[in-house]
Amino acid sequence: MLLKTEKEFEIRFSEVDSMGIVWHGAYPLYFEDAREKFGKEFNLEYLYMFEHGFYAPLVELHFEYKRPLKYKDRAKIEIAYRNTDAAKLIFDYTIRSLPDNQIVASGYSVQVFLDKTFNLMWELPEFFKKWKNFYLK
Amino acid sequence: MLLKTEKEFEIRFSEVDSMGIVWHGAYPLYFEDAREKFGKEFNLEYLYMFEHGFYAPLVELHFEYKRPLKYKDRAKIEIAYRNTDAAKLIFDYTIRSLPDNQIVASGYSVQVFLDKTFNLMWELPEFFKKWKNFYLK
Amino acid sequence: MLLKTEKEFEIRFSEVDSMGIVWHGAYPLYFEDAREKFGKEFNLEYLYMFEHGFYAPLVELHFEYKRPLKYKDRAKIEIAYRNTDAAKLIFDYTIRSLPDNQIVASGYSVQVFLDKTFNLMWELPEFFKKWKNFYLK
Amino acid sequence: MLLKTEKEFEIRFSEVDSMGIVWHGAYPLYFEDAREKFGKEFNLEYLYMFEHGFYAPLVELHFEYKRPLKYKDRAKIEIAYRNTDAAKLIFDYTIRSLPDNQIVASGYSVQVFLDKTFNLMWELPEFFKKWKNFYLK
């Protein structure tokens, strides 16, 4: 089963640079907003993980910029869970301009699991195994 | 005795908006950088206050914008401690463009003291009385 | 007639500082979002003013912080147009936590009008007189 | 010849998240600061390219996070020009904590050249050929 969701947003004045387009450094925020949305829909929020004893810091983040977004543009970001056997949490992202639905950017993020004393988990934490069993089977 | 210091900085690309001038929302960061510099010089850093059992959150922040700053402009921010009998920490700021030294912005900030259970201090914490005695007399 | 509107929002992870509360420097963005919403509802967007030949840069910005907002908190920001005879555009803001509706912050902003060669307007631009006649009478 | 430079910096309070470490979304800014430094040293600043008729927007950006940085940590970022025959501008970055010099993050960025009507250049612009001849031979 494919786990994915999406979120619409509008470009803010503060996100646009002096060339009139969204500054590339604003995209990590769009990706984070998408992860929030995903976490809310599929019960995988930061606080939920933390209650189970784990942090899930980003270890890798990748962006490809294909077309610029401008002030007042409307866009949507799609986020999809990428399944893996590794003890990692990987998401793929696609940002599309609206209403024409053209791809403007894409990317992915990789998170690992740390316990509360900041040890890296080499195997999936139990809570996350259960999460996968529940949502992916 | 007047406690003050200053810091030079250069405008970053990411701080400039689509009109080619520094976005007004970047100035809180300049003020914070100035407080950092002050804290370092006059032994009043966040971590120092925290070690003495106190937070000093901002409760008021004021900006006046007189001239725009542009990408690559050089500027300096001056910060001065404003003495008061109240249990507050007040700073005045002036930002000047360089090398012409014209005022581009000014403002002030007000901080209060909270103990570690977030109770507001109505009187000066002991550590801050000592600080004032040391630096102001 | 009182011109005002409001906008709900949720605190993002990136807006929270190491004390677990919203960094004071995030509030200019909340205010700007409120101005956007106001502009959209009352036909006073940046681009609209620009098409009429004017910029409306911020010249004054004031914040009072009363209670902290935390990650995942829901809040709303209210924005109200403050009428004045001066050639200025003034807004008052109130941020309230939800659902308890308590005030967490307030403030105001002052904008002036510049023409496209960056001359300060000492009198109301025509387009803004018309706007006031339309919306305020 | 290897073109590279480096810049030291200190972690600001506003860059740290609620887990007490630098928010991943702050790193694009560190990379940009490094490009600025490089541009200044090797005569390849945004404005310089623009004067020659070209923009150089980012089309790809990649981060790997190995260790967290905390408030007040000192770090340095190294930037190196990666030579390529393609009509691209590629930089590699390494961020190291100080004074222990351990790698905390790395990554790369890819820029392309657009002319002033936003057409993608499939071949190196003349000014950039000259730049390469001057600096790389």
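Which chain is which? They are A, B, C and D, in the order written, and residues in each are numbered from 1.
As a working rule, a residue touches a chain if its C-beta (ideal position, glycine included) is under 8 Å from a C-beta of that chain, and two chains touch if they have at least 3 such contacts.
Quantities reported herein were computed from a predicted structural model and do not represent experimental measurements.
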item: Between the pairs B-C and B-D, the one where more C-beta pairs touch; value: B-C
item: Most remote chain, CA-based centroid, reference being chain A; value: B
item: Rounded Å distance between chain C and chain D, as computed from the means of their C-alpha atoms; value: 35
item: Where chain B and chain C are represented by their mean Cα positions, the distance between them in whole Å; value: 24
item: Chain B and chain D, separation of their C-alpha mean positions in angstrom; value: 30
item: Two or more partner chains touched - positions in chain C; value: 13-14, 19, 25, 28-29, 32, 71
item: Chain contact graph, described as a line, ring, star, complete graph or other shape; value: complete
item: Residues of chain B that touch chain D when the two form their complex; value: 12-14, 29, 32-33, 36, 46-47, 71-72
item: Chain A to chain D touching residues, read off their complex; value: 19, 21, 24-25, 28-29, 32, 55, 57-66, 68
item: Residue numbers on chain D that touch chain C, as the complex places them; value: 13-14, 16-20, 23, 25, 71
